[in-house]
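We just call them A, B, C and D in the order they show up, numbering each chain from 1.
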Amino acid sequence: MTDMIEKIKIAKKECLAEKRLNIGKFGKNWLAVSGLLLIAVLCVFALFAPKIAPNDPFAQRLENRLLSPSSEYPFGTDELGRCIFSRVIYGTRISLGIGILVVAATSVTGTAIGLLSGYRGGLLDEAIMRGVDIVMAFPNIILALVIAGLLGPGFSSVVLALSLTHWPAYARLVRGQVLSLRKRAFVEAARALRPSSFYIMRKHILPNCIQPVIVLGTLEIAHVIIFASALSFLGLGIQPPVPEWGSMLKSGVPYLRTAPHVTFFPGLMIIFTVFAFNFAGDGLRESSGQPVSQEVLAG
Amino acid sequence: MWKYIAKRLAMVSIVITGVTFVVFSAMYLAPGDPAEVIALARYGDDLSVSQIETLREAEGLDAPVHVQYLIWLGHLLRLDLGKSLVTSEDVLTEILQKLPATAELAVASLLVSLMIALPAGVLSALRKNTLLDSGCMFVSLLGVSIPNFWLGLLLIWLFALTLQMFPSFGYGSLKHFVLPAFTLGTSMAAVTARLTRASLIEVMGQEYIVAARARGFDEGTVLIRHAMKNALLPVLTFAGMQFGYLLGGAVIVETIFSWPGIGKLLVDSIFAMDFSMIQGCVLFIAVLFSLSNLAVDLLYAVLDPRIRYDRHD
Amino acid sequence: MALLKVENLKKYYYSGLFKKEIHRAVDGVSFEIDKGETLGLIGKSGCGKSTLGKTVLRLLEPSAGRVLFDGQDISGFKGSALKSLGTKMQIIFQNPESCLNPKMKIYDAIAEPLRLHRLCRKDEERGRVQELIEAVSLSEELLFRYPRELSGGQVQRVAIARVLGLKPGFIVADEPTSMLDPLVQAQILLLLKKLQTDYEISFLFISHDMQVVEWMSDKIAFMEEGKIVGFR
Amino acid sequence: MSSALLSIEDLNVSFKTSKGIVKANEGISLEVRDGEILGLIGETGCGKTTLGKAVLRLLSENAKLDGKIVYRGTNLLSLPEKEMRRFRGKEIGIMLQNPSACINPVLSTGRQIAEIYRYHEGMGKKEAEKKAGDMLELVGISSLRKNDYPHQFSGGMLQRVMVAIGLALRPGLLIADEPTKGLDQDMKVQIAELIVGLVRKENASMLLITHDLDLAGSLADRLAVMYAGEIVEIGKAEAVISKPKHPYTLDLLHSLPGKGLRTVLGQPPSLVSPPSGCRYHPRCSFRFDACSRVHPPLLGPDGEGFTRCFLSEKERRKETLEQPLLNAQPVIGCEKEEIWHC
C-alpha cells in the first residue's frame, strides 16, 4: 500500500511537470506573454492610479490649457488645462471596469444559455437560437448605440447596452461545442451511468468547452473596450468630466489642428489596452490549439 | 437545396419579425412616458400637459401596448415607417435618400479591405511561420486593436490638416472617398486577413492537399484548384458578418467625416430623440443586414456542394 | 430463465413537423440472453446494430417493444429504478479516442461510477479503484494521467474497468475492438472473456468481424436492415 | 528472379516534434519487383504509412529523410522538387489512407479524375471528362455519377474513386495505404480484389500497406513485416504466413481469432526512444540475453526470406520456433561473434 502511495506521488509529480510544460509552451508564445505582461501593467495603472498620476485628473487650470507634452505634463494638457497623462491613467479604471464587468456578465449568461440550448435541443433550442439570431441581426454597435442612447448616458447604461448585445457570441460558441460533445462516446458512456442531466453538463460537457470560452472572453474584453470608448466618443457613453478615453478623444476633436496631442494620447491608450487583450487572447487560443473561428473574430 | 432555401427564407422571416419587436420595444427603454418624450422632441421644452395628451391620442399611444405594436406592424407592411418627429419628413424617403452615400462607402471600404486582406492572408499562410508571416499578423493584430474613430482622426490630421492632400469631411468627389473608405476598410482588412490565413493554413494541412500533390500537380495548381475554393468559403460567410461591421463602422466613420449617410442620420436622430427616425434607421439596417446574410447563405449553398441543412449545428 | 429478454423492439426515426417516419433503424427485434452467455450480433455498417444496443439499454427510447431484465420490464422505469439500472446494464464503446472524458484523470474516470452510485465508502475508494485497474491488467501508475497519454488499448481497458466497478450483469459491447490492432484486439478479447467467467457477465457483443464474433459468442444473431434475419 | 522496380536502400525518416525526434523509419531496405505485389504489414504507428508517403516525398516539412529510394534507376531522394512531380501520379500512383479525407469535398469526383488527364496529358475538357467516366466505369461506378460530389458516395464507393484516381495515369507502381480500413468484410474483399485485378491487368506492381494479415497474405506475392519503424521480416507470402521467422510475425498471426487468439502483453514501443537491442525483445517470449543488448541486423537470406531475429540463426541449428525458447540460456562469447559475422 505504501508502495502504491509512493507511486501515486511520483505520478502526481509527473502530472505537475506536464502542466509546467504546458505553461512553458504558452511561455514560448511571445505574443501571449507580452499580452499578459501588458495586461499586468494595465492592472497596475488601474489599481495604483492615484500613486502613478502626477496631477489631479480633475483639476482645471485654464491658464495651462492645450499645453504640449512637457516634463510636468507628460502627455500635455487638454482644453480645460487638465493633465492628460493623469486622466489617461485614471481612465484605465473605467475601461477595464467596463470590459471585465460586461465580459463577466455575458460569458456566464451566454455559456449557460448555450449549454441549455445545446443539451436540451428540441423546441427550446430552436427558440433560443432564433433569439440569438434576432440579436445578431443588428450590427452589435448599432444596437448598443440605440440602447445606450435611449437609456441616457452613464456608466451603467454603457454596461447594460454592451451586455445586452454581446451574449449571443458565447451562446452560439458553447452550443456548437455541446452539440459536438454530446455525440462523443464518453458523454454517452456517462449517460449509461444514469446521472442527472445537470451532472453530465457540469462534469462532462462544461469542462470540455470552457477553454474556447476563456479565449473568446479575453478577446471580447478587447472588443468591449473599443465599443465602450466608441459610445463615449459619439457622446452616448461616459460623459465628461469623467476621464474616459473615448470622451477625452471627442473633446479634443475641435483642437485637432492646433493640439493633436489631446486626441492622440487617449487613442494610444485604447490601442495599448485593446492590443494587450488581443495579444493575450490570441496567444491563449494558439496554445489551446483552437482554430481562428468566426465567433472568435466577430465577437 | 430547395428545402434549404425554403428553410433559410422561413428563418429570415422569423428573425425579421423578431427584429421588429425588438425595435418597437426599444422605445420603452427610454425613461419616462413615451408621449412626453415625443412631445419634448417635437415642441421643445415649454409644453403643456394638454399638448402631451393630444399627442398621446393622435399617435395612438393611449392604446394597449400590443395593439400599438400591431398597428405599427400594419404600417410597416405598407412600407410606412412614419414621419420624423422633428422634421416631419417621411422616414423611409429620408433613409432612401441617405442610402446611396452609405452604400458607396460600404462598397469602397469592402474593396479596400479585400485588396489588403486577401494578398496578406494568402501570403502569410503560404509563408507560414516566417518573418513575413509574423510581421503581417503583428500588423493585423495591431489593426484589429485600433479603434476606427482614432484612425479616422489621425488620417484627418495627417492627410487633411497637415499635408492637405484630401478633404477632411464632406461627400461628392472621388477624393472625398479616400479617407473614410480607408478608415473603415483597414480595420476590416485586419480581421479578414487573419481569417484568410487561418482558413488557408487549415486547408493546406488537409489530407486532400497531400493527395493532390501525390497526383503530380505543381504547387500553383494545388493552391488554386484544390485549396483556394475550400479556404475562401469561410471567408465568404464572414463577408456577410462583415457587412454588419460596415454598417456599424459607418455610424462612426460617417460621424467623423460628416458623411451624409444612414449612420450619421441615426446618430443625429438619437441625439434629437427622434423616435420614429431611430426606429426606421435601426429597422432598415437590421433588415439590410439579415438580407445580406441570407444572400451569403444562398451563395454558399451554390458554391459548397456539401450544403448542410442546418449549418449552425 | 433468460437474464435479458427483448421482445419485438422497435426504434423508428421521425423528422419534421408532421413526424414523418424516415428510418426504421430497429424493426421488431426479439432475442434472449442467459446469465453468463454472450450473444454475438453481426451485421454490416448501418444495419442498426449499434442502435439496437443502445435501445436495449434505453440510452435511446424505443418506439415499441419490451426489454425484460431479470424478469422486469425496464421500459417503464423512472427515477431511482432507472438510476439503479445503471449498475445492472452497461455499455462499452468502439472508439478509444472518445470513450473517456479528456479532462478527467483515469482515477476519476474509474471512480466516477462508484461515486455516482455510492458503491463504496470514501476511504475505500482508492483501494477499490486500485483493484479495478489491476483487474484490467493496467499499472496503477496510469491512474493520475489523462486519457490522451494512453494508447488505444489502454483506454479501452480503462473503459472496461469503469464499467466493471458497477458489477453489471449485462454489458453491451459495441464493436469494442474494431479500431484496435490485432495484438491489442486479442488482449482486449481475452480480458473480456476472463472477466465474463470471473464475474458471470452476459454480453451483447456487436461487431462486423465474423471471426471475432465467432470466437467470443455462444450464439450469433445476424442483422440486416433493422431486423434479425437468423441465429446460429 | 525479376528485377527491382522500386528499391529502397537504408532509408531513415525522422520527424522533429515537441516530444523529441521520432524515428519513424530506420534502416529500411526493401524492393518492389516488376509485376509483384508486396504487402507491408504492421500495427498502427509502426511507420508503414510514413514509408509509403516517403517514396513520393509527400511527408510534412518537419520530416528528415536519408538513404536512397531508387525507382527505375532514378534516386527519387536526390531529385529537385520539379523533377519529382513527374513521378507522382504518372510513374507511381498512391492511394492515401481514409478516402473521405483524401478526396476534395468541394469538387465533383469526375472533375477530380478529369483534371489529372488535363494536367498531365493536356487533354481537352470533353476528352478528359470522357476518360474520367471510363475510369469510373472501370472501378465499378456508373459514369453517370461523375458529376456527383464525394459526400454523395458511400465509404466503399469513395475507395473505388481512390482506385480510379490512383490508376488514372496507368502508373508502374501503385502504393495503396490501408485500402480496406473501415470497410465491412464483404466490401473489403471486393475492393481488394478490384485493386489487385486492375494492377495485375496493367502488369503494374503494388505496395500494399495494411494491418490486415489475412488480406495481405492472400493477395501479396511477398510480405514485409514492420515493427517500431523497422522491417523485421521479409519473404514470400506463403512462407511468412505458414512459417514465420520473427516472433513478432508469429505473435501477430496467432492473435487472430481464427488462429487461436494468443496474445502478448505490452504496447509497441515509442519511436522516440525505442528499446535497446531488438525492439521486440521486451514483449518477445523467445528472448534471450543478447536480445536486449545487440540490435539484430536483417539476417538471411534463408530461402528468399530475411528476418531481424537472432533466432533464425538458432533455427539453422535445429531449434524451431514451435518450441518456445523461453529458457534459452544466455549465449555470449562465440555466439555473439557469429552474430557479428552475419
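Criterion: a contact is a pair of C-beta atoms (placed from the backbone, for glycine too) under 8 Å apart; a residue touches a chain by one contact, two chains touch by 3 or more.
Owing to the predicted nature of the structure, the values given are computational and were not obtained by experimental measurement.
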Look at all chain centres (mean of CA atoms) and spot the one farthest from the centre of chain A. D
Indicate, using Cα centroids, the chain positioned nearest the centre of all protein chains shown. A
Averaged over CA atoms, how far is the centre of chain B from the centre of chain C? Could you give it in whole Å? 52
Rounded to the nearest whole Å, what is the centre-to-centre distance of chain A and chain C, using the mean of the C-alpha atoms as each centre? 45
Approximate Å spacing (C-alpha centroids) for the pair chain B, chain D: 55
Just curious, how far off is chain B from chain A if you go by their C-alpha centres, in Å? 22
Touch-based graph of the chains, sorted into line, ring, star, complete or other: ring
Just spell out which pairs of chains touch, all of them. A-B, A-C, B-D, C-D
Within the complex, which stretch of chain C touches chain D? 44-45, 137, 151-154, 181-187, 189-190, 208-212, 214-216
In the complex, chain D touches chain C at residues 43-44, 155, 184-186, 211, 213, 251-252, 255-258, 261-265, 267
Could you list, by residue number, the parts of chain C that touch chain A in their complex? 54, 57, 59, 82-83, 85-86, 89-91, 93-95, 98-105, 112-113, 116-117, 130, 140-145, 159, 162, 166
Give every residue of chain B touching chain A within the complex, in rising order. 11, 14-16, 18-19, 22, 26-27, 29-31, 141-142, 144-147, 149-150, 153-154, 156-157, 161, 191, 194-195, 197-199, 202, 234, 237-238, 241, 244-245, 247-249, 251-252, 255, 266-267, 270-271, 278, 282, 285-286, 289-290, 293, 312-313
Of all residues in chain D, which touch chain B in the complex? 53, 56, 58, 82, 85-90, 94, 96-98, 101-108, 115-116, 119-120, 149, 151, 165, 168-169
